[in-house]
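There's a structure below that I have some questions on.
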Amino acid sequence: MEQILSAIIFIPFFTALLASLLRLSYSNLRTLSIVSSIIVFGLVLFLAIQYDPHGGMQFIRTVDWIKNYGISYHLGVDTLSLVLLLLVSLLMPLLYLYMWHEHRKGYWYNMLLLQSGITGAVLSLDLILFYLFWEMMLLPIFIMIGRYGNSNRQYNATKLLLMTMLGSMSMLFSILYLGYTHFEISGIWSYSIESLSLVIFSPFIAIWVASGFLLAFIIKIPLVGFHTWMAPAYGSSPTPAVVILSAIMAKLGVYGIWRFGFTFFEETLTRYTPHIITLALIGLIYYAIIAITQSSLRRMFAYASGSHLSLITLGLFFANIYSWGGSLYFIITHALASAGIFLMIGLIYKRAKTINIDSLGGIASQAPLFALFFTFFALSIAGVPGTGGFVAELLIIIGAFKYNILIGIATASTMLLAMLYTFWMLQRTLFGAVGVATQNFTDLSKKEIIMLLPLAILLLVTGIAPSLFIPFIEPWISITLESINQNIGGL
Amino acid sequence: MIPEQFFILSTLLFSIGLIGIVSRRNIFVVYLSIELMLSAVNLLLVTFSRLDQSMNGSVIALLLIAIIAAEASIFLAMIIQLYRSKRSLDSDKFSELTQKKGQQ
Amino acid sequence: MLENSIFAILSLFLVIGSLGMISFKHTIFSAFSFLIAMLALAGLFALLENSFLFLAQIMVSVGAVVVLGLMVIISLGSIEKNIPHEPYKFYWIFISTLLVTPLALLIYKALISLHAHFEETREGYGELKSMGERLFSEWVLPFEAVSVLLLSAMVGAIVIARKEKYFKKENYFDNHNQQEDNK
Amino acid sequence: MSQRVKVVPRYGDTNKEKLYLPAIFKGMKITFKHLLDNVSDSNAVDTLEYPEEQPSDITSRYRGLHRLTHREDETIACVACFMCATACPSKCIFIEATEREDGQDEKMPKLFAIDTLECIFCGFCVEACPCDAIRMDTGIFSLTGNSREDFVLGKEQLLSYRGAFGEETSCARK
Amino acid sequence: MFAIIDQLYIILPMTIVLIGAFTLMILSQYKIFKLQQFNLVAVLFLTIALAIVLMQFGQIQKGYLFADIIGEIFIVDDFALLFDIMSITGVILTLLINTDYFQSRSYFNGEYFALLLFSLFGMILLAHAHELVTAFIGLEIASLSIYALVGYHKNNHVSSEAMMKYLVLGSMTGAFFILGTALIYGAVGSTTLTDIAIYLNEPSTSEAELVIIGATLIMITILFKIGAVPFHAWVIDVYEGSPFPITMFMASTFKIAIFAIALRLYLLDFLSLYTKWHFVLQTITILTLVGGSWLAITQTSIKRMLAGSSIVHGGYMLIAITSIGTGSQIAVPAIMFYLIAYFLSAVGAFGILSYISASGIKQLTYEDFKGFSERRPYLAIFMSIFMLSLAGFPSTIGFLGKFYIFTAGVESEQFLLVGLGIITAFISIYYYFKVIAMMYFYPNNEDQKPIRRTFSSALIVLMAILIIWGGIGTSLIPFIPSADALIDIAKDAINSIG
Amino acid sequence: MSTPAIIVVIISFALGAILALLMIPVLVWLERRGAGLIQDRLGPNRTNVGGFRLGGVVQSFADVIKLVLKEEYYPKHISKGRWLMMLAPVITFVSALLAFMVIPFADNITIAGESLRVQPLPVDYGILWFLAIGSIGVIGIFFGGWISHNKYSLLGASRAGSMMIGYELPLGLSVLSFVLTYNSIDFNTMVQWQSQTLFGFLPAWGMIVQPLAGTILIISLFAETNRAPFSVAEGESEIVAGFFTEFTAMKFAMFFMGEYVAMNTASAVIITMLFGGYQLPWVTTDTLLTNFNTFAWTLMVVLPIIVTLIIRWMRKNNRVRPTVTSDGGRAFETKVLSIAMITMTLIVEGILLYLTLIPSPLGSSIAVTLFQIATFVVKLMIFNLFFILVRWTLPRFRYDQVQHLGWYYLLPLSLFNIFVTAIVIVGVSL
């Protein structure tokens, strides 16, 4: 039981290692990967059942790693990490399903490693360990984009790498400073979150240290101004990579702010709040407008995803129970929806060899089932009532109105804009005349339906019955908020 | 005869050696300049030894003479080798080791 | 008085020799100036009552270093056209003098801060015996190390200066590689 | 002839010979013996006290200084055929021909000069001469002079030498 | 202090190395021996020496060899022994990893190995020297051998040229070292580090101009040898011009040996001079980091890039050296650890390059790595590991090295340097990942060559495993030291100095 | 410094200068006449001053005068650095001359209780001085060869240089084994050591104690002096005249004389290190001083006999053939020389008689010193003659043979010899 977290992290990794040592053929590798991912999913489900929503950090596992510097192998899980963990482990088998005919073995290895990296980053409670996994998950993405991506992939991959590494390096600096300050105060080296959260800075230094962290996460999200890597990378990624990027990795930025920012720098973040809210608001609207102008489906949804992540960030910084609940809820629903939509875009590409909106058209007549799913996912991205997105967005908007009425209005505009680009896109792709590219557009196969159905069902459930999930989320949020408010008297 | 004179002299020698290395392109002169620098140090050591009245400085100087000889052997071998390859003693002619243009 | 005049002459030779060394165009004249400088230096050692060093300096610096250097110059047959053409030599020398002067002044300033002066030498100072006693007691390790240094320098020099013939029958492909390397 | 091949023994293979020192000392013994003999009695040395003593063993085959021979009537025997000048390896014979007026022959040298500083005394000119006009039988083995010009012998000077071993006149068939 | 037999035991490794050098030197006269045999002999000697040093490590208390005769010239402590271990290991690895390379180039012969061993002897002497002249002689032995080794490929103009550059500049700075020694001798009247430390700690000699200038001159030499930026002009050209094994040797082992004396000097003698140097050292560190990065980023040949980046790595170590003076306790173990880390990574990277170019042809450029992952998937993985380690990517030993260095920098509040270090680390990501990108992002255009499974490849694997182990090794698995153990060793070694 | 010390220094310096400089014409004469006599001819014997030929020595003086008066000539192609052309022979000459200046001509003379060296430069590191200064000589050859801008000269110079470098090592190493044996680097101490006897009867001369090192030393010195059979640097049959092809007049003479000075120095070093120097075998300085009377009487007996023999030889040989009418004043010369010799003998006899009858320590020590100087000169001449004899006996080595001999035989042998010597010395001292 106490090894369960390690198992979740390392099963994919060792699967990859084993497979590479045994030099398996791709079909065996596929089987092995799927089995491992299903095992992991099972473990995570088991974990979720065992998890106590009121219990704070659980399943903690601590082993000394580098004693001299107090670095330890320190894992634990709480609601925030569990949510992301669930998403990852759910998405992975689906992605493997998508990759069924993928015979390039490196693809599979990278996916396995990616899963390890992401779960590790989500679960680690030691900063250095977190940094390790944070970087480790970058590498497979880098290689997947650079090796298996589309046009201009090398450049885009390098751009992604460099931008995110820039953030990582600044984070490293802050981590080092945090660790050293802890040492200076207490005389003991430690990098675990609990002990570091006790460190208190002078405001001036705290701004710098917090900036280090924030830069890393903001680039990862990405907020406007730090987003130049986003569209090219989304554009040239292969489908599984883009799913992971938008559904999971972007959320990890939010996770980082939530986990570290609100643990170490509650007070400092109050200074940042206006700025970040401004940035996020700009992003919210800017991304949405840009999305309208895009001609490539993937780029469009990349910007849409950026817009929604800005919304999540907004929710985070409004810092009341509605907005936080909304943010966390939106993490789940957006992950599901964007995974779905990007997978479908991948399917479109497989069929039509293009994702240009203008050259598509009339899919609805050719493949009605496909059109149905596509419409559903697109609408849930837009946050149409009945999908999970709507609930989440509503919660955030309520939070925004509680924060400031003007900001609330601005925030609410996102729904309109999202509707706008989604419907326009749908109109152009699904209806209209059948283009050259969509002439032989086949409908969804069984495998694809199996792949998409869980996402669709979950989205429906989250949209129709949020009360199933809110109790799961709510305790953690209220506890955390309470502790923050205790510390600084409210944001 | 006061120590300062010797100090001036060895400083001067060392500087001249340095100037020679910096300003000349003839490899052989560069080599001689390095020898001169080491010899200047030798003079300084012997002066210190004489001031100290202990033989330590002289012994170091003796060891240094041997080191000078060792360096000389390597240097001369190098000069022969360089001359063989380029038929010149001009150090500027040995400039193949640069970033090659258009290799990108 | 005698000492002072000897010193004056020797230092004059030393400075002229070293200056000549860096300013002559022809390698051999540089070598000649160097020879003069080394002889004068040996003389200064004698003036500092280090008779053994005086001889060692002549033996090694002159008898070995300069001779070998001249040997190299002569066996290379340094013809006029192989001597580098240095039109801006004195210009460079002037500039580098400007660069080096601060360093020299710094070192000299530090040196005169010693405020030292010569005293009568002790019995046995500078003689071979006292030198040998020091060399083989306290300095025996560096001494032995120097012998290794000479050996390694010798091996290195032989390796560098030896002409190499690569064309061996048994590895033709090798040879191919080398030619590629040379490009 | 082919049977009379003499096999020369090879030396220098034994260790003793490879040491060289015995051989060297053997050689030095010989030279030292010569030295000692000659020092103890310098008169036994077989040399000439040259200016005072003159060589007595110059034979008719000795190639001395050149001369131009005469005919019986004391006129020059040379017909300026340039054979000698052509044969001369050091190109030291200079001839300028002219017409012969006395009717004995058609041609004679107007100028005949030998640069003895160039001459190597090979005797090719003598061999080449078709009318025995040039010979090297003067027996003169030393020629002295104060300037370079003194060593360029003209026609008159060459004619003035007499043979030291008889055969005064040209033996050429007429 | 020691019994005579103990003393002989202590110098046994050194003697074995020397005897090995002699043996190889004599054997090299006989053409009947093959290159593998020379290699084997050299490795054999070194392995014995290494075994003895490993036995000695941690078992011998600090002391001076033959102190009754030669005074405090030859020190024996764990610090020196650790450097012995690293140097000897470095040479062994240089020999073994490059076996393929040696065999495919006919200009290598027996003297090559002899010179390598001579150089090693010099390095060991350097590590043990407790006196400036001895240190200088050790440095010269090591350097002179390396000068010859750099120019070993005589039919190659480039090799000769590299030797010229290195030799001229190296001897010039050698003159600086001995001038510094002479000045210190003039002031102190002795050149043993003990006496210098005593002299400097006297309150009356707070303004010892001569010693300051002398020590500065010595510092210049050290900075030159590690390729710090105002003195870096030689590094790239020399690294490029040398045969691969030598580049590897210089980049890894020789650099380490230089740090042996540098650390000893900085920790013992010149610590009190730090206030005077601090600014200069900081400036040089900044220049080194920036300049090195610039040099590395502009190269197209991998060898030149690694050379340029080795300057940057020197810069990281300089950060820690700068930190020593400002009272950082962890800086010195950090340097030691970083040395080990860099050593492993550089050996691995150069090893792979030499392994590739053994059968290959010319300078390896980035272009040549296109599609490498398809040609040689395993080698590509290892190359990536080495590149990641050099770039300081987490989970490799290189990351921990940088982590310690930066921690030391933060501890001494050198935020500028640490910030710059992190920025250069970020820049280094670019040029190291470029290799990875080239290997993985481009399709294979060349023929698949048969894979040679040799000793070299086995060692490359070993290096990769060590790098990963050094980065993440934990104490979970019994009997195998964790990553932590390395820094413990480094700390022990440092403690043995003081 | 006391007055006698200064006087002794001046006298020995003068003696050194005379022995080195005046020996040049004598050696030239010796070489020419020796060569002549070895080859069964007479050699130069005509030049005379008022009938005095002195066996032809005058010829050498005449040659010197001719060379001095000759026009200084520089080849046209040498435009720069003519001063180097002047300097090169001087370096060679002076270095050979200076190297000679540390040879002890006699044992330390004790005047007024002060032991004084009879050595032009009274230093105690003679052999090092010889090695140091002797090695400079080749630099002159280098400069001379280079400045000639002539391929033969360059070849000669490089040959000379490589040969010198090659033979300096066996020379130094064999000297080292002698230093080990004698336990000193002082020539005088070496000579004193050699005045011992081995096994009671054998004089402990270096050549007998260390035959191998002695041989190597002699061979190396031959090479160092550029004498035949090691005269590849001049090699007139191959490279015209080697490094002094372009040298004329006094510049040439300096090279020429330098060679003879070097030869003289080499002989002096050989006899000092290998053949007991100024000592006669079995007779040490102390023996001579304590048994001065016996020594004087023996000398008084031996001297007239020798002089008689010389005069008889002169009478016999200094004449012309009966075929020649004028004897060019030979009879007169013989007569004058005989008288001079007899007079000098008488003077010496008288002085010796005076010293035996009225003993004075100063006088006897001076006499012994003079005797030792005479012994030294005689030995010197013998060895010079040896040099000449070797030259006219042995053919010249080829250049590669020279190098081969030096590097492959002499160097290992001398190393081996040092090894053995060291072992033996340690063994003996244990």
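Worth a mention:
We call the chains A, B, C, D, E and F, going by the order they appear; numbering starts again at 1 in every chain.
The rule is short, and it goes like this: contacts are C-beta pairs under 8 Å (C-beta built on N, C-alpha and C of every residue); 3 or more make two chains touch, one makes a residue touch a chain.
Just so it is clear, the model here is predicted, and its values are computed rather than measured.
Note on connectivity: the fewest chain-to-chain touch steps from chain A to chain D number 4.
Here the chain-to-chain distance from chain C to chain E, counted in touching steps, is 1. Among the remaining chains, D is positioned farthest from chain A, on the basis of C-alpha centroids. Between C-F and A-E, more C-beta contact pairs join the chains of A-E.
For this pair, chain B with chain F, the centres built from the Cα atoms lie 39 Å apart. Inter-chain spacing, taken between the CA centroids of chain B and chain D, is 64 Å. For the pair chain E and chain F, the distance between C-alpha centroids works out to 58 Å.
A straight line joining the Cα centres of chain A and chain C is 70 Å long.
Contacts with at least two other chains are made by residues 52, 56, 64, 68, 73, 75, 107, 111, 114, 138-139, 142, 146, 149, 152-153, 156-160, 163 of chain C.
Multi-chain contact residues, meaning those touching two or more other chains, occur in chain E at positions 133, 137, 140, 144, 147-148, 151, 154, 157, 163, 179, 183, 186. Interfaces, counted as pairs of touching chains, are A-E, B-C, B-E, C-E, C-F, D-F.
By the touch criterion given at the top, residues 34, 37-42, 215, 313, 316-317, 319-321, 323-326, 389-390, 392-394 of chain F touch chain D in their complex. Listing the residues of chain E that touch chain A in their complex gives 373, 388, 393-395, 399-400, 403-404, 406-407, 410-411, 418-419, 422-423, 425-426, 429-430, 433-434, 436-437, 440-442, 472, 474-476, 482-484, 487-488, 491. Contact residues of chain A toward chain E in the complex are 63-69, 73, 106, 128, 131-132, 134-136, 139, 142-143, 146-147, 153-154, 157-158, 161-162, 165-166, 169-170, 172-173, 176-177, 179-180, 183. On chain B, the positions that touch chain C within their shared complex are 1-9, 11-20, 22-26, 28-29, 31-33, 35-36, 39, 42-44, 46-47, 49-51, 53-56, 58-63, 65-74, 76-81, 83-84, 87-93.
By the touch rule above, chain C contacts chain F in their complex via residues 26, 28-29, 32, 35, 51-52, 55-56, 58-59, 62-64, 66-68, 70-71, 73-75, 77, 128.
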